[in-house]
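Okay, got some structures for you below.
Two complexes, one shared chain (subunit A), two partners (subunit B, subunit C).
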Partner chain A sequence: MHGWAGKVLDIDLSKGAIKNYPLDEETARLFLGGRGLGARLLWDAVGPGVAPLSPENVLIFATGPLTATGYQTSNRFSVSTKSPLTGTVLDANSGGYWGMQFKKTGYDALIVRGRAPAPVYIEIKDAGAKILAARHVWGQRVRATTQTLGQNNNKRNVLCIGPAGENQSRIAAIMNDGERSLARGGPGAVMGSKNLKAIVVEGTARPQVLDQEQFKFMLYEARKLLRQSPLTSQALPEFGTAVVLNIVNHIGALPTRNFQQSQFERAEAISGETLAEKYLVKNAACWACPIGCTRVSKTDKIEGALSGAEGGVEGPEFETTWAFGAQCGVDDLAAIIEANAICNDLGLDTISAGSTLGCAMELTEKGLLDSDLRFGRADLLAPTLEALGARRGLGAELADGSLRLAKKYGAPELSMSVKGLEMPAYDPRGLQGQGLLYATSNRGACHMRGNMLGLEVLGLPKLIDRFQVYGKSSYVILHQNASAAIDSLVVCKFTNLGVAEEYFARTLSAVTGVKYATGDLIRVGERVWNLERLYNLREGFTNADDTLPPRLLKEPVSDGPSKGWVNQLEPMLKEYYRARGWDERGVPRRAKLEELELGAL
Partner chain B sequence: MATVRLFGGLRRRARDPKISVDGVTARDVLASLCRDNPGLHAVIWDGARVRDHVRGLIGGQAIELGRGLATRVTADDEIAIFPPIGSGGNTT
Partner chain C sequence: MIDERVYEMFRDIGRDLFEADMVSSHGGNLSVRFGDRVIIKRRGAMLGRLAPHDLIETGLEKNDSGVALASSELLIHRTIYKTTPALAIVHCHPRTAIAFSLSRDEIIPIDNEASYLLKKVPVIWEEFASGSPEMANNLAKTLAEYKIVMLRGHGSFAIGQTLDEAFHWSSTLEESCEIALKTKLINEPFIEYRGMSEGYKKW
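Right after this comes the complex of A and B.
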């Protein structure tokens, strides 16, 4: 095979068994890699009713046909599993170096099954894989584990969990290369439940590219387009993802104090502009990335064990800044940088952690929870996160996310989540399409399963009315399908700010020799989306789960540019099901499944 | 005089991130702003048009979805101008 390595590594930790087998070529053609391949393998590996933290669940690490080819941002990979936070199908993807290095060991995917009797880590080299004792790193935090196991960016790369994963926090992330994360939905807890501390990879095999001349041309084209785009050549390198905070706040769509308001009066203090002015050390980039959106930030609060190269830490990204900032009513950017660094070192999803803290603050202020947490208490972020990672005191309750917390204290409606996954930083009352996107996202509320911010706010590629309801579903579907395709290649979605899908399809064809037109590539995304939907339906999810928190459907925004609006989900949802080729209950029709070559499922 | 607030990379091209500017319409305000801060002109204007990815908001609402550059501006208005910024994907 070209592009694909052509092999799957399969490790059963209960039996200590390691085997490998060829990647099925038809599966590769239909699902590509990453998220798509992961969803297809998960469908067979984890049947209905499996408890996510039991040995019967699996972790599937998958790269794609472009991974490690040297194509722009071809460093990414994904993990797929059944989520311990939501019970849905889950994939999370990450950048850095690990994905590229894993592909170079000669595999497209790694399936980890079972549960080791004692803590272990897996080491994968060209010569094969080993299961090794991990007693010496069990209990260590992420930065220490990564260093102990020999991280060396272009040669040997470490993926691991921190204390949060070991303690099976349902919002625990898997971390790679020290500070990159497979964060959402709690994959770190699944890894912890398997007694698997880390996976170390060291490979030398480069993937085979079929048409070298065409591939070089596509590299040249992508480089040119990324250099020409002011988004990828100026805005992201200069300010990182936090550059959008001010505009989201300005239009009245920045959720504030657990979505009680939609504008944060101190937004400027935590903006990308302020981050660049006061705390930025430098920007950094993942392997083969010409954009370099990564922030390296430094404050007095992160000296010592938390700090990395040049005394700085990676991040914070926009979503993190929002989660510990506006969502918690905190305007202290240094405290937010510290909270981000602690989450990375404990191995925690920053969106879910920040949003769960915001939920706890509202529960406390409403007299439902007895705690010191209050909106604006920047001083409590760090100690509360430490308690969360250790499952100590109130931290034990926070560790399982906002929905379980809010249910326990009798107010599930105060969890700002969809299907149990905490919502990111856009208020669906001010962005109608984003609300539909959250409600229908297969892994729960997510801004990376398509994102309507481009169309509804930024004018990318054109501006549409953010309050418009009818007609929005077709845009949402297009974005969802495209995001699933990009997550299956796997490349970074920021590449897509300069490089259109047509270029990805041509590159994929040059690398693999399998002809993909643009429509074929988007069709892969639609196939993946429908397969994920089938997985959730098999688990018992219904159209009743395609919804938003009651606050967003019933409580109009009280002030600012989105004043008076709630999310008009119902008409959008009806239109969405119809446009997807699903019935009125949100079940894909037989004809749609046949069209997508999913009929056998 | 209306108040113009600049964001992102526009700030280092102007004398201040928050500037009071004269003008009856959005077009007047932008023209006046760029006369006083010449470094902004090439980033905001493409001939007689505002560049595609430059966003102008009055009261948090997109100027181009209303009356565009003909939108009338009062002394109480705050006009926010954002350079090209990106997030998520750019599916076409």
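Right after this comes the complex of A and C.
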């Protein structure tokens, strides 16, 4: 095979059994890799009734046909599992070096099953895989573990969990290369439940590219496009992802104090510009990435065990800045950077952690929870996160996310989540399409499942009216499908800010020799999206779960550019089901499944 | 009743096409796809003067009373939507591009902007041009590979996520052809300034 390595590694930790087998070519054609391949393998491996934290759940690490080819941002990979936070199908993906290195060991995917009797880590090299004792690193934080196990970018890469994963926090991330995360939905807890501390990879086999001449041309064109776009050549390298914070705040779509407002009066203090001016050490990049959006930041408190590259730490990203900033009413950027550093070291999803803190703050201010947490208490971020990672005191309750917390204290409506996954940094009242996107996202509220920021705010490819309701579902569907395809290639979605899907399709064709037109690639995404939907339906989810927190449907924005708006979900959702070829209950029709070659499921 | 925000998109792009001399008084066409619905210009309506009642909504697959009023090119638009991921189509009559389409099977831009955005524009032809199933299938099949295609001697069909985007490809093509025409008039040796430009021929 070209592009694909052509092999799957399958490890059962309960039995200590390691095997490998060929990747099915038809499955590869239909689902590509990454998220798509993960969803397809998960469909067979984990059925209904399997508890996410039981040995019967699996972790599927998957790369795609472009991974490690040297194409721009071809460093990414994903993990798929049943989420312990939401109970839905889950995939999370990450950049850095690990994905590229894993592909170079000669595998497209790794399936981890069972539960080891004692803590272990897996080491994968060209020669094969080993299960090794991990007692010496169990209990260690992420940076220490990564260092102990020999992280060496480009040669040996470490993926691991921190204390949050070991303690099976349902918002625990899996971390790779020290500071990168597969964060959303709690995959770190699944890894912890398997007594699996880390996976270390060392490989030398580069994937084969069929049409080298065309591939070089596609590389050249993509490089040109990424250099031409001010977003990918200036904004992201200079300010990181937080470059959009001021923009989103300006239009009245930055959720503030647990979505009670949609503008943060102190946004400037936590913006990408302020980060660059006061705390940025340098920017950095993942393997084969010409964009370089990674921040390396430093504050007075970032030292010793917390410090990483050049005495700084990677991040914070926009979502993290929002989660510990506007969502918690905090304007102290140094405290936000430190909160991010702690989350990375404990192995925590920063969006869910910050949003859960914001929920706890509102519960406290409404007199429903007895705690010191109040909006604006920057001083409490660090100690609360430490308690959360250790499941200590109130931290034990925060460790399972905002929905379980809010339910316990009698106010589930104060959890700003969909299907139990905390919403990211865009208020759906000011961005109608983003609301539909959150409500219908298969892993719960997510901005990486077809972000409408491009169309509704940035004008990519062209600006549409953010308050438009009629017809909005078609844009959402197209972008959901495209994002599922990109997650299956796997490349970084930021590449897509400059490079359209047409280029990915032509590159994929050149690499694999399998002909993909743009529509074929989008169709892969649609197939993946429908398979994920089927998975959730099989788990018992219904159209009632395709919704938003009541606040966003009933409480109009009180002031600013989105004043008076709630999210008009109902008409958009009705239109969405029809446009997807689903029935009025949100179940894919037989004809749609046949069309997508999913009829056998 | 067509949504006001949707009407405004049609009105603005239609007016711009007319003012840019890319359609005659009653020529050209616009449509958008919203799920299993298509909104298209009324038969005989003028793109430069679209009123709300000039937009017709009908099914992508199924006929309804809307088809009695819709443009004669409805079949082409439906076929394109069913074959490609397009959410919008702009069909216009860019004059210089039409002139070039009479003498070649593909238009390969020589200017920077169109090289960058379009790479190559195929020219296709069917005996019974407008509205025929053969033409619809041929166009749709080609638009699965390219974002803009020329119908020989007739005009361009461009696809995009929005009308705005499809208009962008259309006006870029016409601008490129005008530059190519003027280059022919100047008639001096072409100096290649683009890297890897051989790649455009294989696009």
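Just so we're on the same page, the second predicted complex is superposed on the first by the 601 of 601 C-alpha atoms of A that agree within 3 Å, B and C clash if a C-alpha of one lies under 4 Å from a C-alpha of the other, contacts with A are read in each partner's own complex, and residues count from 1 in each chain.
Here is the rule we go by: a residue touches a chain if its C-beta (ideal position, glycine included) is under 8 Å from a C-beta of that chain, and two chains touch if they have at least 3 such contacts.
All figures in this text were calculated on a predicted structure; none of them were measured in a lab.
In the superposition on chain A, contact of A:L478 is made with both subunit B and subunit C. Among subunit B and subunit C, the chain that touches a larger number of residues in subunit A is B.
In the superposition on chain A, A:A579 makes contact with subunit C only, while subunit B stays out of contact range. By the document's definition of touching, of the two partners only subunit B reaches A:L231; subunit C does not.
By the touch criterion defined above, A:G329 reaches neither subunit B nor subunit C. In the superposition on chain A, contact is made by A:G450 with subunit B only, not with subunit C.
Of the two partner chains, both subunit B and subunit C are touched by A:D465. In the superposed model, A:A517 lies in contact with subunit C only, and not with subunit B. In the superposition on chain A, A:G252 makes contact with subunit B only, while subunit C stays out of contact range. Counting contacts as defined above, subunit A residues 461, 463, 465, 478, 501 meet subunit B in one complex and subunit C in the other. Partner subunit B is touched in their complex by these residues of subunit A: 229-232, 234-236, 238-239, 241, 243-244, 246-247, 250-252, 272-273, 318, 447-448, 450-451, 453-454, 457-461, 463, 465, 478-479, 482-483, 486, 493-494, 496-498, 500-501, 560-562.
Only residues 214, 216-217, 220-221, 224-225, 228, 455, 461-465, 467-468, 470-471, 473-475, 477-478, 481, 501-502, 506, 517-519, 522, 575-576, 578-581 of subunit A touch subunit C when the two sit together in their complex. Interface residues of subunit C, counted against subunit A in their complex, comprise 3, 5-6, 32-36, 83-85, 87, 116, 144-145, 147, 160-162, 164-165, 168, 195-196, 199, 202-203.
Interface residues of subunit B, counted against subunit A in their complex, comprise 7-9, 11, 52-53, 55, 57, 59-62, 64-65, 80, 82-92.
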